[in-house]
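Both complexes shown next keep chain A, but they swap its partner, so chain B is in the first and chain C is in the second.
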Partner chain A sequence: MKHFGILMQKEWRENIRNYKIYWIPAIFILLGITEPAVNYFLPQILEASGGLPEGAVFEIPTPTPEQILMAVLQQFQTIGMAVLILAYMATIAGERKSGTATLLYVRPLSFSAYFLSKWVVAAAISLASVWLGFFSGYYYTRLFFGEVEIIKLLQMIGFYSFWVLLILTIVLAASAALPNGGLAAAAAFALYVLLQLADGLLGANWSVSPVKIPQYAATWLTGNPDLPSLWGAVGITVVIILVLFGFGSWISRKNKAKTKV
Partner chain B sequence: MDQTTLILALLPILIIQLALMIFALVDLIKNPNPNGPKWMWGIFIVVINIIGPILYFVIGRKNY
Partner chain C sequence: MNIVEVERLTKRYGQENAAEELSFALEEGTATALIGPNGAGKTTTLSMLADLLSPTSGKVTMAKGLTIGFLPQYPQFFPWLTALEFTEMAAKLSGVETKKARLQATRTLEFVGLGTALTKKTGAFSGGMKQRLGLAQAIVHQPKLLLLDEPISALDPTGRREIMDLLKSLQQDTTILYSTHILNDAEEMTDQLLFMKDGRLIEQGSLSEVRDRHANPRIRIRFQNYAQAVEFAEGQAWGSEVKENSIFLPVQKSGPTMQQVLQVLASKKQDVLGVEFQTASLEEIFLKVVAGK
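So, the complex of A and B:
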């Protein structure tokens, strides 16, 4: 594990140099702020875009603060996850392609430490971004719409984090297995869509499913979700993450030979 | 809420967008070999809000 610290440092420096440490949080904060702001200014926006005929009466119900925070979560589910997948699609595949990997692979390298170092840095940056995004969204929701108990928000963020980690691990494993970043992103997107589709079509039959974590997390805002199913889903997620972890380290060792010099 | 507090409240959105744009532009200028013509990326970054800088960081930097 002595390598781990050094690999971590390398990974950290790389994330600073390719600006990921700045732009990923920036996007999540923007997503978090825009949702409450757009909802607050919706009447003015409609008026300014001028689509309404003279004398039209439009009753726009004011959304509750909980609804706004759920909308923020929806934004993270679509745009946010896409951004994370695109940002980390090339972590391992790109290294093999650009030749950085040769510098690493010629040394005696523990591939689990290698995979872990990438995972830890990517997870730290994406979780920090998601949290910052939620907190800024929360601040603006309070400013524009009213109070939500912070403990509810924290519960939601905490459980949603497991989902973020799952997506991240899928991307990293795909990046280790496939020849380039584009393919890895395509595979991760396909899996993401398929999982949600399967859960949408057949999900009524089971309550314990990792795909349901975002829903359960959102339920914390308005009440209590079904706790046994939630913990079951979290348990399955952790197991999947560990399995993908083993798979990722194994496949990155196996793909060692595919490195371009 | 009166006008000034509103404007102050929305200032962060503007600042973050500008910061993203500036980061992307500085990197583009220093980048010796971007993935595609430099002027095209410049237009993308300046004209398309938020998405432009992201696209540049993800596919324009040729680090994959």
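So, the complex of A and C:
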């Protein structure tokens, strides 16, 4: 437990001093604002980019605020998750490859503290970024498109957070297992795409699936998702995350011989 | 008392043996020099002792509760941490009490000559400073065993002198195992020598034991020119070797002794430039042992 505190301080300093604590939230805030802003200013944007042909009549239906927030979630699902994967792909593999890990590994290090300290700091920054992104999106959505109950938004963010944590845990475990950050990112992306593909093809038969969490989370905006399915999916996600904690700690220790000496 | 015993330690990578059947012991409070050409397996051996690598076979037995400090050949630091932050973290991770860690880190950094760079980011450190910081993180928790991989090779002559003196001052209460290919340094601080080549230990023992086995003592007489040397060589019964203007007389139990040589020289009224007793330097011994096996 003592090591956990020491290593967390190190991770915290790292994330501040390599500016991750600033640029990751900045990207999510930008993504969150873009969706309502682009939709609101669409007519002006079309006008500025050359406009429509003379005489063309083009009715653009005004989206509902709920649709805008769902679009924000879609942005997070594609660009946002990619940003998190790229930001944290080298967390452990990079330390081994550069050799900075060596001076940690030669000490009586607790590898579960090592893995968890990285996870906690990365999770804090990722969740804060996602939440800030949604709140900024929510602010402009209300401004431009109308009211959405805050409780609906909070329910969506709350459940979506489990998904974010799952992706992050997969990236860190891949980083612990694989020789470099690029491979870790590739593995995480591959898993991400495969899971969604599998869910798209076979998902109809299985409602209790972690991959469905984003979809269920978005459902909170317009109604209520099927609660047993949602909680079942969350339960499975938590179990997977816990299993990955164990795997990540174990594989970090196993791979300590691969650090550059 | 031996605080480390290594028995038939082997590390295999595929078909290649990076370390093969190494057996040696480290006695408490002694300094051991691990000497060998590049690729001999020195780093692999140290990594196994530091528990970074697990051996393919054989075993390392360490005294109970032995604390270890390790300095890699090219220590790498988190560039965004300051020297003090890093050393303090190293101390805490090695079990130094939180309250004492900062003070101990500060003192250690001052000890290695980084007292003015405490709050400087390690990313801005020069090679020599990194080497000193590497030493600081290895000794900050006052380990009983210090494993140093080429601790001074990367330093300039002044720095090398300073670090050698630091290491010698640590020697009183620390057992040191260090690898080097600078044999002058090894000669200066060593109780035990381990010669490695191609993953194997090809010679080991105390400095005097190794010297006795390979020192090849001889008396060298320098003449004005080659002809004089040859003439002298032919005029006496000892086995001798002539090189340029000098003659080398191997010293064995049966002689010759310096006194006998001087008597002969005096009786011949032969003019010489110099007479001296020579033994092989560690470097010569090393080259001979490495070439021989």
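Note that in this section the second predicted complex is superposed on the first by the 260 of 261 C-alpha atoms of A that agree within 3 Å, B and C clash if a C-alpha of one lies under 4 Å from a C-alpha of the other, contacts with A are read in each partner's own complex, and residues count from 1 in each chain.
Methods note: a contact is a pair of C-beta atoms (placed from the backbone, for glycine too) under 8 Å apart; a residue touches a chain by one contact, two chains touch by 3 or more.
The model shown is predicted, which means the values in this text are computed figures rather than measured ones.
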item: Contacts of A:108 with chain B and chain C, given as first, second, both or neither; value: second
item: Partner chain(s) touched by A:2 [first = chain B, second = chain C, both, neither]; value: second
item: Partner chain in contact with A:259 - chain B first, chain C second, else both or neither; value: second
item: Which of chain B and chain C A:18 touches, first, second, both or neither; value: both
item: Partner chain in contact with A:26 - chain B first, chain C second, else both or neither; value: first
item: Contacts of A:98 with chain B and chain C, given as first, second, both or neither; value: both
item: Contact residues common to both interfaces of chain A (with chain B and with chain C); value: 18, 98
item: Footprint of chain A on chain C - complex, ascending; value: 43, 47, 50-54, 68, 70, 72-78, 80-81, 85, 89-90, 92-95, 98, 134, 137, 149
item: Residue numbers on chain A that touch chain B, as the complex places them; value: 18-20, 22-23, 26-27, 29-30, 33-34, 37, 83, 86-87, 89-90, 93-94, 97-98, 136, 140, 143, 180-182
item: List of chain B residues in touch with chain A within their complex; value: 9-10, 12-13, 16-17, 19-20, 23-24, 27, 50, 53-54, 57-58, 61, 63-64
item: In the complex, chain A residues that touch chain C; value: 2-3, 6-7, 9-10, 13-14, 17-18, 98-100, 102-109, 256-257, 259-261
